[in-house]
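So the structure is just underneath, and the comments pick up after that.
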Amino acid sequence: MTAAQLTLVQIDNYGPWTVTPEPRREMDLQTLQSRLFADLAQYIGNRGGYVFFTRFDNMVAVTNGLDRRDHDLLQESVGNRFPVTVSLGVGVDEVPIEALESATRRVQAAGSAQSSDRSEAFAGEFRDAAGDEDVHIAHFDVNDATGKYTDRMNEFDSFINIEHGYASLMKYMREEHGALSFFVGGDNVIAVCPDLAHDDYMGAIDHVADDADVQLKVGVGSGATPHDAGYAAKHALEDCRYEGTLVEFA
Amino acid sequence: MTAAQLTLVQIDNYGPWTVTPEPRREMDLQTLQSRLFADLAQYIGNRGGYVFFTRFDNMVAVTNGLDRRDHDLLQESVGNRFPVTVSLGVGVDEVPIEALESATRRVQAAGSAQSSDRSEAFAGEFRDAAGDEDVHIAHFDVNDATGKYTDRMNEFDSFINIEHGYASLMKYMREEHGALSFFVGGDNVIAVCPDLAHDDYMGAIDHVADDADVQLKVGVGSGATPHDAGYAAKHALEDCRYEGTLVEFA
Amino acid sequence: MTAAQLTLVQIDNYGPWTVTPEPRREMDLQTLQSRLFADLAQYIGNRGGYVFFTRFDNMVAVTNGLDRRDHDLLQESVGNRFPVTVSLGVGVDEVPIEALESATRRVQAAGSAQSSDRSEAFAGEFRDAAGDEDVHIAHFDVNDATGKYTDRMNEFDSFINIEHGYASLMKYMREEHGALSFFVGGDNVIAVCPDLAHDDYMGAIDHVADDADVQLKVGVGSGATPHDAGYAAKHALEDCRYEGTLVEFA
Amino acid sequence: MTAAQLTLVQIDNYGPWTVTPEPRREMDLQTLQSRLFADLAQYIGNRGGYVFFTRFDNMVAVTNGLDRRDHDLLQESVGNRFPVTVSLGVGVDEVPIEALESATRRVQAAGSAQSSDRSEAFAGEFRDAAGDEDVHIAHFDVNDATGKYTDRMNEFDSFINIEHGYASLMKYMREEHGALSFFVGGDNVIAVCPDLAHDDYMGAIDHVADDADVQLKVGVGSGATPHDAGYAAKHALEDCRYEGTLVEFA
């Protein structure tokens, strides 16, 4: 049974910090944000988790396999090495959006994202046991994105197309299934899903083809951790490539 | 007169590399991508330019103030420190999308994004002189995003709203004005624009309010470099905040 | 009983790589080396271990608490994100130099540091159980280094003094006790030691005062991991500061 | 005529910060220090300068080619992205140690390295013109270090040997010539020198062979910037390798 553990990582009082005492150089902010994300990707990733940059000041992680102590240490280490601190909320649920809802509510309960009083809040529940079917990851990409877009259009128009497909997918998967879909670069989208069937994924692909005129394919995997599930999904996506199919399960 | 210099940074043969000999760990790829972007943000940013992560394997930079030698060294330094190399194309035009079109065509002419034969291609034209009105930057954000979204909704639904507003804005600005709009985290979008009037920006804000139900405001600045223009735009956006207005020019 | 687990991290074929096809920019090499070290410090450090930069192309880590799988993943992740790969050797012994001797021999047995045939070699033995006295860490610093050196001399002469004290200490501790002492910045030296007595440390401090005219003090801790032992040592060193003593055990 | 521009980069009030409110995790400090150094290496390095990690909390840079504005921006950018700030002092002299003496005195005049009152101090003089002989760089390495040490001894004993040779060289070059020698990893030492003759370098090599039983060779270059001089020195060192000589000038 699916039991996704979702963590919200929210930078404390970040908006005000970026303009105090004067607006800070934009490229310094971009550097800070992307390096913080990179460090989370390493820390969470080498414990079997996944993290997505989302809005950078708010990042969403799937953290099955990471316990309270792992989160504690992450928070301490960020505070030791960055000029900002982070608050953490953790939730567990069969449906990813519900887990994130709990996680977010825990952070919100500790104070506003723009409150100077809140610093390094941390509350959550954790998945104790680890089941082989705890996490479901779907790895989507765009059919022949290089041939259709990258090698043919200017980069911004390529980006608009990919982005348009992503916007359509993210909304559909969230509304229909409570799944969370994240753009991860290139033409790739990774979704954290409940336990869905072949037809559910086919439905999503059809929807995006109709709605945004973007042709997706998807590999799906499950596992005890996001990495296990995601790695299986990547292999399944390779199968799509070789077989010419649109949906493959690991 | 506007003369935006746009650089396309494209990782060479990245797609195949990510799955050779086996799919690589997703969080290592995320780390690599975001650190490459961070390094570009530092290098380009401390020379007065701006770079946007776009799709990470393809990044778009506004590089007024950086000459051929600066680009050469950037390419060499990336090759010395990362397991991947980058190709660069540079174009100059009054309309940003046209400059990017030239930049992209130069990279495409050197070979496919997924060709193992192309490595560290580099071609471009450069803006010699520097005029005070060469670059126009518009810095948009969402009115009270913290109160309306971040402190109230779960993070994914906040993200869907912000993303939806961004998708609407990016498309409108590109189609109406040949401007390039990039999400830069939080509730912020930075657009590289031709020389536009107050009503043009008001038109964009109205469109997004109608189309996506997201209320934006914008500060606009111009300068010899993206940093100069963007820094002025940030101050203008602060003016919007204090004055309660929707469009301010520096 | 002490049972230090030592890991040698050696960059594969690094010397030749730095001059192929032409000498690479020195500052790019410095960046690469220090970032690789930083990543090891995070990975090993947040699992309770310690790593020292040593010669940068060869780094020495105390890895009690990290098993074979942790080392495997470290090696894979470095290979995914850097233009170089690393070989790893691991050894366990009551005397740190003996553990490193085994660790080094395992890497050497796989091929020369400058062989293009050796890549990602990995061999070792691991400490299974974890005892509270497995690791002994001594944290030395220089008495009033700021007042005597930093605020008074030019930085190079300050450095020569600190360096001179370090050279004297490292040699003494290695020869007398088989302990490994590493300069970690500022006026700090961290030593991985066998189980030593108060007088042994007093002997080292006296030796350095005589030999190099540098006045050290030291805090000593022990634990199941380097972090546990080192953290206790830091607190003991704080005790020296408050008490005005030269040797304190946690 | 030589005119080396030396910059001292000193972290403000770092010692107290590392133990406030409690001692911080050592591996976080190591990460912070080495990443700060890496960023300086990129910033200074891609402007033609060299920076050395020295004691990490105090770093020494050769900054011919970087003006006041470059230093200003460096200081601002560090403050935006790290939890610590840096003070900068700059000096120019024919003899490197004299330039560093001036640079250090300027930082010391602004307050103690452990004063909470001093933050982002910056004072200095700059080399206006750029002459082809402004900077002299000598790049030393150890003859057959891999064969004699790395592939044969345990890593700590290799390190002791290299370190011993370095300690001997740094002291000799400073006392005899006012030159500053820095270990840069592996078996490499880079020295910033006044204008020295072949016999001066031969004298240094002989001294180290006698004093520390370590056989060095050296390539020497000069140029308008450290990179120009250092790159020529690297090529000269390659010449030593091919010719079997001990001292080569570019």
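First chain written, first letter: the chains are A, B, C and D, and each begins at residue 1.
In this section, a contact is a pair of C-beta atoms (placed from the backbone, for glycine too) under 8 Å apart; a residue touches a chain by one contact, two chains touch by 3 or more.
Model, not experiment: these values are computed from the prediction.
Of the two chain pairs examined here, B-D and C-D, the one linked by more C-beta pairs in contact is C-D.
Work out the mean CA point of chain B and of chain D, and you get 37 Å between them. Chain centres here are Cα averages; for chain A and chain D they lie 43 Å apart. Centre to centre, using the average C-alpha position, chain C and chain D are separated by 22 Å. Contact with two or more other chains is made by residues 25, 28-29, 31, 35, 42, 46, 77 of chain C. The touch graph of these protein chains is complete, with an edge between every pair of chains. For chain C in complex with chain A, the residues that touch the partner chain are 39, 42-43, 46, 73-74, 77.
Contacts from chain D toward chain C in the complex involve residues 8, 10, 14-15, 19, 23, 25-31, 33-35, 37-38, 41-42, 44-46, 49-51, 53-58, 60, 97, 100-101, 103-105, 108, 112-114, 146, 150-160, 162-164, 167, 170-171, 174, 180, 184-187, 190, 227, 230-231, 234-235, 238. Considering their complex, residues 24-25, 28-29, 31-32, 35, 76-77, 80-83 of chain B touch chain C.
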